[in-house]
Amino acid sequence: MSELAFLLGIPLLGAAALAFRGSQYRAPEMNAILSGLTFLAACALTVRIISIGPRTAMNELFFVDAFNVFLVTLTAFIGFTTALFGTPYMRVERDRGKVGAGAMRLYHSMYQLFTFTMLLALTTNNMGILWVALEGATLATVLLVSLYRTPASLEAAWKYFILCGVGIAQALFGTILLYLAASRAGGTGGEALLWTHLNAAKGQLEPSVVAIAFVFLLVGYGTKVGLAPLHNWLPDAHAEGPTPISAVLSGLLLNVALYAVIRCKVLADGALGTHLAGNLMMGFGLLTVVLSAFFLGRQTDIKRLFAYSSIEHMGFITFAFGMGGAIANFAGLLHMTVHSLTKSAIFFAAGHAAQKAGTQNIDDIRGLVHMSPAVGWGLMIGTLAILGLPPFGVFAAEFMILTTAMREHAWATPFLLVALAVAFAAVFGKVQTMVFGDPSVRPLPHRPAALPVFVHLVIVLILGLYIPAHLAAWYREAASMIG
Amino acid sequence: MIVTAQAINFIAALLLLVAFAMLSQRRIRALVNLFAVQGVLLTASTLLTASGTGQTHLYYSAALTLILKVFVLPLILHRLVRRLQLTGDVEMLINTATTMLVGIVLVIVAFNLALPISEFAGTITRGTLGIALACVLLAFLMMITRRKAVAQVIGFLSMENGLFFAATSITYGMPMVVELGIGLDVLVGTFVFGVFFFRIRETFDSLDIHHLERLRER
Amino acid sequence: MLGIVSFWLALGVLGLSLGRERDGVRLLYPASAIASGLVAWIAGHALFLPPASLVLPLGLPGLPFHLRLDSLSAFFLFVLGLATTGVSLFATGYFRTGATASPGLTFLQYHVFIAAMALVMLADDAYLFMVAWETMAVSSYFLVTSDHRHEAIRGAGFLYLVVAHVGAITLLLCFGVLQGFAGSYAFDAVRGVAIPPVWASVAFALALAGFGAKAGFLPLHAWLPEAHPAAPSPVSALMSGVMLKTAIYGLLRVSLDLLHTPSVAWGVSALGIGLVTALFGVMFAAVQTDMKRLLAYSSIENIGIVLAGIGLAIVFHAYGMHALAALALLAALYHCLNHAIFKSLLFVSTGAVMHATAQRSLGRLGGLIHRMPWVAWTALVGTLSIAGLPPLNGFVSEWLLLQAFLLSPELPNSYLRMLVPVATAALVLAAAFAGYVMVKFFGVVFLGQPREPSLQDAHDADRWQRAGMLFLAAWCVVLGVLPVFALRALDTVTAFLLGTGLGDALSGDWLFVTPATAERASYSPMLFLAVIVGALAAVYLFVRVRYRMRTRRGAAWDCGFPAQTPRMQDTAEGFGQPIKQIFEPFFRIERSMPDPFDTAPRYWSRTEDRLWYGLYLPVGRAVRWLSALVARLQHGRIQWYLIYSFVTLLALLVLIRV
Amino acid sequence: MPILPFASQFLETLLAVLAAPLLIGWVNQCRAWLQNRSAPGLLQPYRVIRKLFRKESVLAQNASPLFRLTPYVVFGSMILAVSIVPLVATGLPLSPVADVIALVGLLAFARVFMALAAMDVGTAFGSLGARREMLVAALAEPALLMVFFMPSLIAQSTSLTTIVETLAHRPFALYPSLAFAAVAFVMVLLAENARIPIDNPATHLELTMIHEAMILEYSGRHLALMEWAHALKLVIYFTIGIALFLPWGIAEAGNWIAIPLAIVALAVKLAVGGAALAVLESVSVKLRIFRAPEFLATAFLLAVLGMLTHVLLGAGT
């Protein structure tokens, strides 16, 4: 499948190219164009997969089905829009002397590399490579988090690195155990770690081993998903890095890590035949949602605030997949989509807001609507959307998740609802003061990129009111795969 | 066959010993050396397993280990230590005795965790899984107890070693492509660490990570 | 119907596209007023038609949007249409000079708001209902904060949206309970199943709380007196006049349509809450010094009365006394309609006053009847109606409700029978105090001498504003004088909800309202008005003919007291002071008294709501305390973070071993 | 359409309107006797009213049309009220127009207009009077309604005709609840008609007056109408009381022979009632304005108690 080659090749080569030319004035556009091409490749791949169904490629090294192809498209799309947003954003940063030429090179090439690792993690068929790719994603972003070289950013990057490194190491142990189970179940050598084979043979895998393996994998990848109490790196990393990176971290990395967890869950369910994996995920999800909701109230940094909100939503989605079943999985996938879109849109708006105010401190950002209505309304509407107010897609997803929970795990719903209410009060109170009131912000040298923000929000709005039939079918297929 | 198994078990025991040594070791240079020793032991055990079982790809991974974990990484670390003049002790958060006690507890936990798995595994080296797991946990503990960035990194790397050892011991190593990938990641990771040391150093003029406790909820 | 909703939305977008230049946008309001009139017209007809439903290919997969137009929703749509017609007409004149935000944006929000309210009433499945419900909340929030440079207004908007959201979450839970038995979110499915009493009661309690948060039942009322005054007056009018009714609509929909197995306990609780709310509202209205806050509190009172009526209806219904249930429900519904109209009228008149004087505080108004007669006389009509005086519409609904109460001794349960006198007493007390409040409102704003020199050059409302106010005032009179026709229409709703309406009791002479029989009670506002007017005219003519009407203008007598100044008039505080004194324990009063030797004595007193300090602030504190607790987890030490992960791992491993 | 009922309705109303000042005169007469001074004579109120009608009326500078309209509105609604109450005969054409609740509403209607007119001129005393009047009313009105509800519970109806016929033309029965009602009613009557102990009709003592403070700005014909309406109000309250508590002698609907008798009965009752009022006023003292709420609250509670007893003792059947 040539699309796959393009999909993975473009960002890889782009990374190499930008590593040399990345400091030129036109580099941001180049970056955006590359991402755009990647997105086109992703679309082509999607079309192909929808037409011909799940496929493996390059002697089973890659495997694409409805589940990951939809994440591939989403990833490529957000990668593209984020690059668009990054164009004016990084220019401003550069004009303000916050980053130098080297940093720009690093930023652009790492951006492409990060995209590459994401796509690799999504498309690979080998659980080992999946691990490698996720570790690679950490490595690609860790230097970007500390791009500004401020003490805070260094600290954030360090924590990000160590915690995710340790987590991922546990995941590796899990992978090894998985390999053990698989090889005992008759898989020979290299093929034993191939998802397709594992999935085929999941019935014969030794339950006790798989159980332990799943624990390691869950804790490992869960660290990257940001499940409490393994989430501690996340707010720091999101808050201190440049905003485009925060956007892709929140919008993509978490999704991909969750994708890994879900793949593992499928195997675990198959092997154990119990609901253990699901229960663990539900437990993590619930704890995450409740804790993060209470964290939200104390934030003073705009990006940190939304980082916590990402944690909360990841908890929600994890809970949904933990419950399992057609509707819950459907809702989980939908929630992944809308959360990525909305949250990245919010980060775009928040990034420009912070640039305008010259600070990320919430108390110093005031009256955005007066200075630039686009950013102000973008932030406001995005916030309302992410807080789960209709008619946005997030509400649709949360509606389905909550109602499924009411039907199947009624005990959990009060916690979720209280958390939702607390989160709403916390986030909205802060955003309102930033958007409204007397302006304290100054105009930017470059026009803010309002387009990506509103494109995302419009998509989310549409998804809240109407889910196109083929998209729904697509989700359903993926949901049925997750089981 | 039996001989190799015994030899491997012996090496495994040595590994555990080294792990404890690292846990208690206060001097950075010595820590790096111990890490190198760990690498040597790993290589040896991998070679033994390879010869004992005829798993040819294990030779490659043994070579990989030798290059990466015995020469490259220790060299990088040594150069870093020299460049950053990281002499002197690494003070710990908890005193050595306590750390040791906790370590022993961890070993016990690791063993009875590994028991069912190693029963299930069919390899000749399965008995060593417990030790591998113990190494991982001990490295984890080391990362927790140390306050110098370098020490944490070494802990991280030795955790990698433990994992590697586990892989060889229960499944005769991972598929080659995965091994390569892991190796690459570890290598890059170390470089990145290096970069970090310099940045941290130039920002805080010390590698003591208690400088890195600013970002918190108030 | 749907067409008009979409027309509104389209209109809103058009308005936004017209954007800044005001006049372009302004001329769109009459168009939307016409649309509202159409809504009222269609809904008025739909009252008598069988339910019509429609499924749109939108919404969630497996749960498309269901719409349904039955007589209940038709009635509330009628209310919506009627009120919005007048208010939109008024808005044409108001937003020309009033709006602070971009008029296009306001226009859009205004119409999204209206359309959302219409959709709430049309929705026939939980998802669409929630979508419309929250859209309504959000759009009204934006309208409330359209003048968001004031800290206070932002705070009000925030409080409003938070309470609304909490209410919405409660509603979600309620619908969750319902569908737990029906298996589907479509209301039709819920209607179909019989829900076990316990869960039905749970659902009802949740609905009461959820809708109460929107309607302002105690103790969920705190946002109302903050948010309503903050909004531009036409919006306050819609919020008070219509939005609160959507909550009533929802309550009726859930309790009598979906749950169709009401129990006495529901009715009693609703009755109790309603009466307490009514008394609370009127008491606080009496001590307000801001005219819009005063009206907001009076809205709380009226909603309380409506709820009491619904409660009584449920009690009767549960005992199978259908005629009485119908009577009580009829009274409640009619009061909804009336309140929608006269409260809109009063709010828009305050809007006109604020336009002319830029004053909201009662302490700075007065004597406006000379400067703005149109506003004053139309407002007088509204004042008399809301004070529940015959022959206007407010009286009719209260009369019906009292009739229902007087018939309640036929209740089988003796405890309830003993409850009834007390309830009646509370109701009449609330009604009487409403009179007090309204005299204060009208007297202080429009009568007496202007308290500020600036009021001398206040200008009267313009054409459009007059048109809107006249429209509403006219409806006050029509609904007051010819109630029988309205009641016959409403009877279809009661028939729909309870199975039996009043039927033949209303089919008698159109002159007389006879809820049961002519012997029992009858009231003929038409003749009532006729006789008063006739007597009035007769006396006037007699005096005119018999004695030459010699009249002289002179200084006010006032017991020969010299040197009259406007500051000697009773202030709003003064007018409310007796109430403060009588009901002191209910208020939280802060006073600062000047000491006797003070050369420039100053006196101020602030009256606040005990519930705010007793309920809302503690909740906030509890949340803050919890989050402080949680925040300890994130203390910045990487070692600790590692320990978390370590412990989690071990714990899980142990967990799966056992 | 039978002319007789309408004729009798008209005559009855006219009679009441014309006789109203007489009652005031009679009460003052009695008071004078009790204070053993010589009274100005029964017809004094008529003379006053005639004098006032003759005089020109002085309007304050900023009196609005509302101010001039009010006397007519008040007088008109009093006429309606008096024609609703069955004085001598029940079942008259206008009686179904309004039941007791509407009657209370009607009185409230008049009162609100008076209060507004009092505030209109914008003098210190005017608004003071309006405030006090509304306060008194806000407490007295519920009490009055509750008083009405007891007979209407007994009669299962709120229409005065039905009540009177039930109470009067039925084998005599003692209703304990009516005792409460009667007491409460008397208290309300005192309050509503600006009588001691709530108000003192005889003085213009600034700080205590309520009703007088409201009509302070009126003069000439307007004042005349106000005074007359006030007298009518007293008549109305008396006749209501009579209809509720001593309805015997009121002619049944269509029983024209009984009417002359009924008129005599009414005259007697009014005379006795007026005397009783005078006695009451003479023996009791004026309350401070902030005692008034307590006084009325007592009346209100009595009425509620009455209703409770009615319910408890099983609807005195």
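The chains carry the letters A, B, C and D, assigned in the order they are written, with residues numbered from 1 in each.
Criterion: a residue touches a chain if its C-beta (ideal position, glycine included) is under 8 Å from a C-beta of that chain, and two chains touch if they have at least 3 such contacts.
None of these values were measured; they are calculated from a predicted model.
Colleague: If I rank B-C and A-B by number of C-beta contact pairs, which comes first?
Modeller: Most contacts of the two pairs: A-B.
Colleague: Could you work out how far the Cα centre of subunit B sits from that of subunit D, in whole Å?
Modeller: Taking the average C-alpha coordinate of subunit B and of subunit D, the gap between them is 102 Å.
Colleague: Cα centroid separation between subunit B and subunit C, in whole Å?
Modeller: Spacing between the chain centres: roughly 70 Å.
Colleague: When the centre of a chain is set as the mean of its C-alpha atoms, what distance in Å lies between subunit A and subunit B?
Modeller: 31
Colleague: Just curious, how far off is subunit D from subunit A if you go by their C-alpha centres, in Å?
Modeller: 79
Colleague: Which residues belonging to subunit A are in contact with no fewer than two other chains?
Modeller: Expected reply: 158-159, 162, 166, 212, 235, 295, 298.
Colleague: What are the residues of subunit D that contact at least two other chains?
Modeller: In subunit D, no residue touches two or more other chains.
Colleague: Touching two or more other chains, which residues of subunit B qualify?
Modeller: 113, 140, 143, 152, 209, 212-215, 217-218
Colleague: Taking all chains into account, which pairs touch?
Modeller: The list of touching pairs comes to A-B, A-C, B-C, C-D.
Colleague: Write out the stretch or stretches of subunit C touching subunit D in their complex.
Modeller: For subunit C paired with subunit D, touching residues are 366-367, 369-370, 380, 384, 387-390, 395, 399, 402-403, 406, 409, 414, 417-418, 420-422, 424-425, 428-429, 431-433, 435-436, 438-440, 442-444, 447-449, 512, 518-524, 527-528, 531-536, 539-540, 543, 546-547, 549-559, 561, 564, 566, 568-570, 574-575, 578-579, 581-582.
Colleague: Which of the residues in subunit D end up touching subunit C in this complex?
Modeller: Contacts found on subunit D: 53-54, 56-62, 64, 66, 72-73, 75-77, 79-80, 83, 94, 96-99, 101-102, 105-106, 108-109, 112, 115-116, 119-128, 130-132, 134-135, 137-139, 141-142, 145-146, 149, 152-153, 156-159, 161-162, 204, 206, 216-217, 219-221, 225, 290, 293, 300, 303-304, 307-308, 310-312, 315.
Colleague: Quick check on the complex: what are the subunit C residues that touch subunit B?
Modeller: 631-639, 642-643, 646, 650, 653, 657
Colleague: Report the residues of subunit A in contact with subunit B in the complex, numbered from low to high.
Modeller: 61, 126, 128-129, 131-132, 135-136, 139, 142-143, 146, 149, 151-152, 154-159, 161-162, 165-166, 169, 172-173, 175-177, 179-180, 183-184, 189-190, 192-193, 206, 208-209, 212, 235-236, 239-240, 295, 298
Colleague: Given the complex with subunit C, which residues does subunit B contribute to the contact?
Modeller: Against subunit C, the touching part of subunit B is residues 93, 109, 113, 140-141, 143-145, 147, 152, 209, 212-218.
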